[in-house]
Structure formats: structure tokens, C-alpha cells
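Order of writing sets the chain letters: A, B, C and D. Residues in each chain are counted from 1.
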Amino acid sequence: MLRIVNGRVYDPANNIDGEIRDICVSDGKIVADVPPEARSIDARGMVVMPGGVDMHAHIAGPKVNLARKLIPEDHRRDPHPRVGLMRSGAGGSVPSTFATGYRYAMLGYTTVMEAAAPALGARHVIEELHDTPIIDKGFYALMGNNVLLMRLIKEGRKDAVRNTLAWWLNAAKAYTAKIVNPGGVEMWKSGSNNVTDQNSTIESFGITPLQVVDALSLAVDELGLPHPTHIHCNNLGHSGNYTTTLETMRVLQGRRAHITHIQFHCYGGKLGGKPTSKAAEIIEYLKNHPETTADVGQVMFGDAVTMTADAPLSYMLHKLSGGKWVNADVENETGCGIVPFVYQDSNYVHALQWGIGLELFLLNQNPWQLALSTDHPNGGSFMNYPRLIKLLMDRDFRNQEIKKVNQAAMKKTVLLDDLQREYTLREIAIVTRAGPARLLGLKNKGHLGAGADADITIYEEQADKEAMFSTPRYVVKSGKIIIEDGEFRADHGGRLLHVMPAYDPQIEEVIKPFFDDFYSIQFENYAVGDEYLHEHEIVPTLR
Amino acid sequence: MENTDKRIIENATCTFCGCVCDDMILTVEGNHITQAKNACVLGKAWFSEHTVEQRPFALIDGREAGTDEAVEAAAQVLANARFPVVYGLSDTTCEAQRQAVAIADYIGASIDTTTSVCHGPSGMAFQGAGESTATLGEVRNRADLVIYWGGNPAESHPRHFTRYSVTPKGMYVPNGRKDRTVVLVDVRQTPSAKVADIFLQVKPRADFEMLWALRALVKGKPVDPSIEEITGVSLHAMKDLVQRMKSCRFGVLFFGMGLTMTRGRHYNSGALLALATDLNEFTHFVAKPVRGHGNVTGADNVVSWQTGYPFAVNFSRGFPRFNPGEFTTVDLLARAEADAALIIASDPASNFPKAAIEHLKRIPTIVLDPKTTVTTSVAKISFTTATYGINTGGTVYRMDDVPISLRPAFPSPYPSDETVLRAIKDRVRQLLGQTA
Amino acid sequence: MAETMLLIPGRTSKQGTSLNAGKLGAEYIEVTTTVEINSDDMARLGVKEGDAVRLSTEVGECVVKCKARKPSDLPAGMLFMAYGPASSQLVGGETQGTGMPLSKSFDVQVERVA
Amino acid sequence: MSLHLTLRQQPDVPLEAETLSPDRLAGLDAAAAAALPVMHGNRKAVVADFFDVAAAAGTDDLLVLEGDLSRVKRIGESMTRGLILIKGNAGMHVGVDMRGGEIVVEGDVGDWVGAEMLGGRIVVKGNAGHQAGSVYRGGHKGMLGGELFIHGNAGAELGNSMRRGLIAVGGACGDFAGVNMLAGTIIVLGEMGWRACAGMTRGTVVGMQGARVLPTFTFDCVYRPTFLRMLLLHLRAQGLPVTDAQIAGEYTRWSGDHISLGRGELLLLGDSR
């Protein structure tokens, strides 16, 4: 039991905006009150927020581990020593599992979603997540290039699509369906490079990417998943791709949809030419369509590792960087590409990407609709979050940084207009916790009302927001004090968050023959058994 | 009590080699697998020979002991060691591997797996430039050009041809074998050559030059005619191969230890990986090392996710460091640096270089193995453990990183590797004062 | 008279099946102490099928039995044997900073054991 | 005041002693130096556990190490100034990440000497191990500057991914000298192993005893490069066994590696066509 007293509480989900009030904890949950003998934390001069929620990061599973193996030179610069009872690890852009969990906790984050994993590798993802301490976690299963689903979509079998999708999410113990460059990855694997846009035909299937997005999103809605389809649109990174993004969003209007790392999908200009910013157009669309949500995918200067199911994109990046490249095709489901990358502030494109991310944050008026992410480690490590928060909260700092980067790029943005906007602590609490928790449909996360999970971060108020958000004084996870006075005091496992949507078991008669013909493992050995779950929580569907 | 009923276990997995075939139909009678349907010759031997043998649970200095006593003795050795090494791990479950890495972390050991003496060089090549690869189902569904280089799957991975890469019918190769061209490159005419449409016999120790020449030809760069003398392969044959590689729809290069164990090592693997990468300029091309032991790929994965590095990891300074040649087991032993060893499910005393074996005999060694081996016979402390996949469940990773759950056939009286390692881990943490 | 030849230790089916029976078993030992030699080379060395030859390198030696292979299957000057304790005796501990000893395609001295 | 450390006790397991560097020892008296930490395997130890430490008159920036230090790693890591004189052998990673100053090893030295060094000079009177002046696994840039002189033989992957600087070897070297080299110069007076310069983009490798030239290199010309004469005179002044024939001789220039950029050169003494 625990009582946090005298802290200024930011709990936007419960309309609490900087009030001094007590937060009480019992049995891992927030409660209305605790007996006087409960341990008390004096949070005078401190800010109390729900634990951070990262709805889009790449932290576990086959592609992450390939990336880890790929970059010993990066780990070597940033060891993570064993402290006390905890495990050691390697840091850098793609930390080892233990280091990932500890470092998220060190920033006050307590829930993180792995944003793209093949269902075929689900056991791998879950084993890694089990070795990722402190945080609660889940993962999105890649479905946008699933051959069986594309066949069923082509055949117009809506019920079969829904049931197949539900079977697959159950089998993988995933959190939602992820769509990555629908159709494009399948085209890459068949040697045809990529789809050209959202309306081009996916070879061998005779359907378009938009049909895939439409059908899968409909199925997810019908299943009532707590989080809608999580969509990485076609043409990521290409100049002129904002029209693809807008058209993808339009096909979904009226239904829930989440467009991820939208910064990478906001570019004007001609294909193959220099990109320009279309952040304003995208924000305008979001303003008029509250049912559509997004996370930013901010680029931060310095080392990154691009890792994506969007394998043709990865090949393009390899051609640009000339460096290491990994491609890993996954049978019938998806692909994978990895390219280590450095974002340079002097580079026009990189600076523009950085600028567009900031534009999105600063032009957007509804923080509930747009979550903070760097698409870790694609736009940069999650360790950049405190610096990103400072860019949002501190106009002088931001203007000073804007001066340091490629000015031709800045001229293509509104950033040189000395935007007045400074995020408040309430808004930061929304984009880093309350908002993503709501978008994920996690009713017990991202707020401090009675019944919520006791995931709490306490920061010392400081003028330098980067310093403030880099070193929380206390981090409480499921009611346990993990960090106290900036130091680790306890370890914690964290639990797997997953869904179990209902489906008609007859669908196995459709799925099993496909496995017999085209998979290299047995249908009966595909689904992840309950023995992999350890601590877990089935997040209920909405219907 | 021994269960003498006859039982059938379907969809069981064979963990003998890296193919990790999961379509076994096992007939189990008591402590015997009397039939292993779908298994290859190696798999049949694997299943039929792994019965429960009457062996002591443990031996300490040759004296019979219980598991608990041996755990205590092992923990004492490891907690007192200054530069111990944890090695092996390719024939056990990921669950056991996770415990082994934890032990290495807590005691400040080096951890290394049999990868370092099989495809470790390929891992180093991967770190240099990456690779283009695919799961075996993609090969089955798409590959119309299959090249094996420096390996003899007919004997080492008998079902590789029939299950994944040569004969099966696939989505885009509906006629199976007829839709594929198969090439073998090797220094001798192995039994695998029978399967190939084209066999290219390269001179020993000239693989690098041949791969380099193929890369140059793919890129349209000049190749000196001396290549024919160096490799024993005509330029005409190389150009023909290059033409096939560039014009196929989906090509795959499988490679074996004929590259990694010969002069050139990681640069041989690297040249092959680079060749596959280069070919993506023209078509879709992937490469894949044909991994040996049942869960060596799991070992790579577990060590990577827990430490950031795939093998040759040292924890003596309280965090992982990676350096093949420095923290690889052969080197730690051959240079007489390691002062204790924990060996799980492998037999270095049989297959390491002589100098390494001699040092292994000098230091206190702890061994976990279901069978007696040369290594168990030189151990200070040896544990008899259950056989993974036959007696214990758990996770293994196929050579293409696909994780598969095991369906054990019958229980063993002996503990699993995971159980023993967990007990050692808990005890060394106590001894080192690392418990709360 | 010793001759220099090139040795390739590798896997074989028989080695694979017999190791399941036990690495200390007679069959495994038999399989891993047999070397395949080109029949022309055997004739020149003056050895017959089943005769013993001594293989040696700078680091060690082993005595193994000969098995003839057609010259079309095994080129002149090349030896093949299944990996095992015998072949390990010939392998040096030097890995050249890689962790991998030179375990295939290395030179050995071959001589008939009287 | 200079410090003289004599190895008294051979470590049971490797000793990691990056503290043995003028940057860390300058200004310390013998007692303070003796108390500095080293790692003996996974245990903390101090310099005095293994070394007798004595101070002598002279410059602060001189550190003399005496004995068979072949199990002592990381001597002179990241050093920026001063001189380390090793009277005996030294272990792995001598002078890695070095920025300035000089290290002289009178005996042999282990693997990775001068790996990823940026400046300064390392002189090895005996033999060096593998990957001298090289990159560590996964990295792209090896030696970034400075000079590495090995009077004896060097092992494999000499100057792997070298980006700048000079490496000279008086004896032979192993396979893959100058592999993936980006720029800089490597001169090998003895025999070179196989596959020198594989994957090189730019830079110069000079061999005096011929070499197996990779099939992806092309012949350019036979000539007498002026820069080489000056460089060889410089090496001779350093005590490397450069002959008059090498100074006066003509060299065959091969360019490559055409697998990559192809702007590198392999210069072999004599007409090696």
C-alpha cells in the first residue's frame, strides 16, 4: 500500500490538471484511499503522472533481434552494466531485452507495444517480451500481406476474412492487426519490387492495397478489438506520398483507424524528387475526422536503425545509405528489412522529416488524436523522448535548434514562423500516456482514477524539461516502487497484453488446407500455447 | 512407473539437426520410441536411441551423487571462478539457454555456443554487411533456382531437399522439382551431387575467389582469366551460373561449413552473402546458412536478445562484450585462460582442437548431457539430464529462425537442463550475495 | 614416405546415426577413425582397403583405417573423414581472431603404418 | 617523475589494465599508481597485486613496463600523450583507440594492437597478432590515423577497414591484409598472405615479395612511385629493414577492388604481371 502526497497531479483522462492531491495504491491498483499505516511518498515539488505508454515501438521479436545481431559496434559504445539484482545488457539504438525494459522504466514508461511482428514468430516475440522487465507489453501481428487473407478478400468472403483474422490473432496472442505497405511486401517477395500506390494491383491477387486496408479494418471493427487496425500506409518515405495517406484515411472514414508514424507519410513533391511538407493537409484531415488517429514517428538526429516489415522500402534505404542491409522474408505473411541509419541535421531530407514531425505536433489542436512516438528505433531511440518533450514544451529551445539545422528544409515548414505553441504538462501527459492508452483501448492505463493499474511516474519539476523527463524520482509499476530517488530498487516482470476475439471454429477448415499446402510448419504446431503466457491480461473486445 | 501403453504422438518435432522437422508421428511404447514416421535416417536413429539409460543422476570426481549435491558443487566451482566459460547450448531448449546466459551474467563468465565453431564466421559476416534471407516456406513456395555451396545436406540434413527446397510443390512452383534448377558447388562430389542439375567442382580453398568472381560478373566488372586456374571452374560455367542467377524469379544460396571452416572463414561466408545481396538488383535472391544442431539457432537468438551479441560474449566487467577470437571458447581454452567451464549439451572434448581439449582437462568442468561423451568423462561434475524434444518440452528455433514448441514423447527420471541450470543459477546468486 | 594431402573432416550419415547410439560406442569410433582416400593415391601409398595410415600435422596425429573412393568421387590428394576425436587431434587451436579453428581443407602428412 | 612497473606475479587469468597509460598515471607517485584498479578476470584487483611499482627521475609522461605481459590486455587504451615502453611482450588490445603519444613494445604483442587508433605511434619490435590496426567486428572504419610499425610478422586482417594512417610490417603478414580498406597506406616488407586488399575502395598496399592478386584487380602499369621512395626512406629511418633495391625499384600497380569502388592500389615490387 502506498500514498503519494503533496504532488501536483496531471491526470487528463480524469480532468485533473495540476491539482495537489493524494494518489493511493493498494494491490497494484489505484484506490480511493488507504489506511494511515500505508507507506507515504512526499511528492512536494513534484509532478505525478500515470506511467508512460508507448503505442508504437520495435522492441522484441525476429526483426529486432536480427538488428541487435547486426550492430555490435553500436552496442559497444553503450554498455548497460548489471546493477544490484538486475541483469546487464547492451544499449545503443537496439538495446538487449533487459536494457530495453529498464531504460523505458528509467524514463517513466510502464507500457510499450511492439508494433510489428509476424505471427509465425509470435513465440519469439513473447519469449523476448518475457525477458523485457518492468513494463507491460503486447504486440501487433502483421496481416497486411497475408496471402490467405488476400485470397479471401479477393473472393469477397467477408465472414471468412473476419474469422481468419480472429483465428490468427488468437493463435499469435497478439494485440491487434498491423498492416504494413499492404500488397507491397508481397510484390517485393515475388521480385516485382513494390506497389506503386494505394490503387495499383497486387500481382497474383488482383486486388488493391486499399481493398486490403478496407477489408481488414472492417473485420477488426466487427471483432471489436480494443485498438483498431494499425496502419503503415503504402509509399512510406516517398515524395508525394501524402495523397496515398489521405486516400487511405478516406477509405476508412467513419470507422476507427490508426495511421502510424504519420510523419513518414506527409510528403509533397514529385516521386523521386525532393520532398516538401504536407503536415498542414494531414492535420486538417485529422481535425475533421476525429475517428482517425495517429502517432507521429518523430525523427531525431543521430543514430537510428530502420527496421520494418516494409522490405521494399528497406531496400531503397540500403541503396541510399550504401551500408548494411538485412532482408528477411516470412512465408505467406510478411517481409522484413533492416538498415542502420544516421539522421543528420545538415541533410535536407532528414531535417525536413524532423521539421514535419514538429509541425504535426504543433499544428495539431487535439492531443488525444496524435500520440508521441519516434517509431523507435526507426526515427531514433526512445531514449530521445525527453529531448522531444523539451522541443515541444520550450519554444526558445526549439527556435534555437531550428536555427542549427538545414535551413532550406526549414523554409518548407512553418517552423521559421516562430510558432508560439508550447505544450503544457497536461498536453504532454496526454500525448505520452492518456492519449495512447485511450487509443489502445486500455481502460486501466494512462490514468490515475480508482481501478486503474498503479503505474505511476513522479518527476521533479524542473525548468529544463529534458532533464526533468530523463530522470524520474519515482516510478511505480503495478503498485511496486521500481525507481526511488532515481535509482532502481526492485525488479518486476510485467505482463503480456493480448486479445482473444471470438471466431467460428469452422474457419480452421479454410486455414488448415492452406497450411498443408504452403507452410513449412504443421498447422497443429502454429498456435502459441498458454505455457508462453506467464503473467498476462486478456484485454476484452468491445462486443 | 513406466507407462507401457502404446501411444501415438503426432506433430512431434525432431531436434537432431537444424531442419527441426515438426511432422513426426511417433509411436511410443514405455520408454521407447518404436517408430518415427516421416523421420529421415538421422531422425530415426535420434528417436530410437534416446531411451532412458540407467546412469547416475550426477557424478562428482567420478563418484555418484544426487542432483542437489552436484548443484552445490557446481555452484561452488562457478562462484569461485575468475574467468569461467559457459559453452554449448545448441542441443537444448531456449528455456535452458536463457538460464545459462543468466548464470554467465551473474558470475561474470564468458558465454559462447557451438555457433562459434560452425557458422560463427557467417554471423561475423552478417555483422559486416547484413544478408538477404527467408524462411524455408518461402523457398518452398517460390524458389526456382536453388544453389548449395560447401555443404552436403544429403548426409547432414537429409530432408532439406524433400521438405523445404528441392522436391516440394509450392505456390509459385506448382510442379515441385521440375520447376526448379538445382546447383551444387563443392570441392568433392558428395552424395548431394546426385540431386543437382549442375555440379561445379571448385578447388579446395578457392571458394572465396570463385564467389568474388561471380560477384564481379554479376556487376559487369572485369574478371581476370586466371580465375579458371585458381578455382578449377571455367569462366564459361561461371557466366552460365550468373545468367541463371540473374534471370531466375527467386533464387536461394544455401551454404555450409565448407565455407566457414576453411581458409578465409568469415570472408567466404561474407562473399556469399554479398553475392545474394548484389543479385537483388536484378531479381529476388536470398541466402541461408544450413545450420547443424537442433537448436543452435535458438542459442544465437537467446544470447542475442539477452546480451545484444550472438556468441563470444564476456561478462567479466559486469556488462556484455563481444569479441570472437578473444571470448570464443576455442581461444579461451587453447590460450589456457579459462579457469572453469560449464558445458551444456555439447562435446568439445571430442571435437575441439587438441590444445583446447588439453586445457579443458586441466580445469574444473561441469557438464550437462543426456549421454556419456568424451566431455562427460573428463568432467569434474557431470549431470545426467533429460533429452530435449523426447523427454522435455520447450522451444527450439529452426535454422530459419522459426520457433517451434516441442511435444515430448515420454518422461525421463532425470531433470531437464533448464531445471539443473536454474538451480545452479539460484545457488551461485546466493553464494555471490546477489539475492534480496 | 609421408605425402602431403588435403584433409576434409565432415559429417556423414553414418556418423550422424551412430552418434545417437553413443559417442563412446564402437560404431561411432569406427566411423570416425576411417579415412576415405582416392584409390589411385592408395595404390601409390601402397595401402589396401582397411590398412592403417598415420595422419599428422604440426599439432598432432592419429592412426586411422583407409577406405577407397573412386577418383571421380574424391580428387587425387584429397582425404575425407567423419569429424570426431581422431580428426580433432590434427586441428590447431589458432583461430586468427575469429573463434573458428581451421577445421576443413588443411594439409596433413599421410604415411602408411607398417 | 616516471613510473617503472615490473610484473611480479603472472596473472592466473587475463588482466585488463587500461589504467596503464600516461594519461591516467602522470603525476601519481608510486603508491598512488600501485593502488589503481585493474580487472583480474571478473574480480577487482589493484596494480600492486601484480606489479612492483617504482618511481624514477624523468618526465611524467614516461611509463616503463617490464616482464612478460602477454596476459595483460588494453595497455595504453585511448592514450593521448607520453610514452609507454614495454620491455617484454604485451597482450591484446595494446593502444586501441589511441589518440597520441607513443607505445614501444620490445617483444611480441597480441591481437588487435592499434585497433581503431586515431593518432600517435605504436612500435612493435617483435611480432604482432591478428587484426593489427584493424576495425572491431561490425564496424566500418578501422585505423583512423597515426603510425603502426611492426618489425616482426603480423597476423591476419592487417589494417582491416583502415581509413587513414600508416602501417608498416618488417616481416610477413597473414591473409586479407588491407581488406575493406577505405584509405591509408600499408607496407609489408616480407611475404603477404592470400587475398590482400579484398573489397578495398581506396588506399595503398605495398608488397615486396609478390602476392596472389585477386581476379578482381586490373593491371595498370609498372613505374617508380615517388611517394614510395620517400616513405621507404622514412621507414628505414625507423629501423625497418628496407633495402636499396626496394627504394630504387620499380613497382607493378594493380587497381581494385573492382567489386567495390575500385580506387585502391596494390603495388608489388618488380614486374608482377
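Just so it is clear, a residue touches a chain if its C-beta (ideal position, glycine included) is under 8 Å from a C-beta of that chain, and two chains touch if they have at least 3 such contacts.
All values reported here derive from a predicted model rather than from experimental measurement.
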* Looking at mean CA positions, which chain is nearest the middle of everything shown? -> B
* Asked: Counting C-beta pairs in contact, does A-B beat B-D or the other way around?
  -> A-B
* Using the average of all C-alpha atoms in each chain as its centre, how far is it in Å between chain A and chain B? -> 34
* Averaged-CA centre spacing for the pair chain C and chain A, given as whole angstrom -> 56
* At what distance in angstrom does the C-alpha mean of chain D lie from that of chain B? -> 35
* Taking each chain's centre as the mean of its CA atoms, how far is chain C from chain D in angstrom? -> 38
* Per-residue multi-chain contacts in chain B, two or more chains -> 124, 127-128, 263, 315, 317, 322, 324-326
* Structure fact -> Listed in rising order, chain C residues that touch 2 or more other chains are 96-97
* Asked: Which chain D residues touch at least two other chains?
  -> 111-112, 130-131, 136-138, 175
* Structure fact -> Listed in rising order, the residues of chain C that touch chain D in the complex are 96-97
* Asked: Which residues of chain B touch chain D in the complex?
  -> 81-83, 107-109, 124, 127-128, 208-209, 212-213, 215-216, 219, 221-224, 226-227, 230, 263-264, 267, 315-317, 322-326, 337-339
* Residues on chain D engaged by chain A in the complex (per definition of touch) -> 136-140
* Once bound in the complex, which stretches of chain A touch chain B? -> 60, 62, 64-66, 68-72, 75-76, 79-82, 85, 87-90, 92, 94-99, 120-121, 123-124, 127-128, 131, 147, 188-191, 315, 324-332, 338, 517-522, 524-525, 528-529, 531
* Structure fact -> chain D residues touching chain B in their complex are 12-14, 16, 39-43, 71, 92, 111-112, 130-131, 136-138, 175-176, 179-180, 194-195, 198, 213-218, 258-259, 262
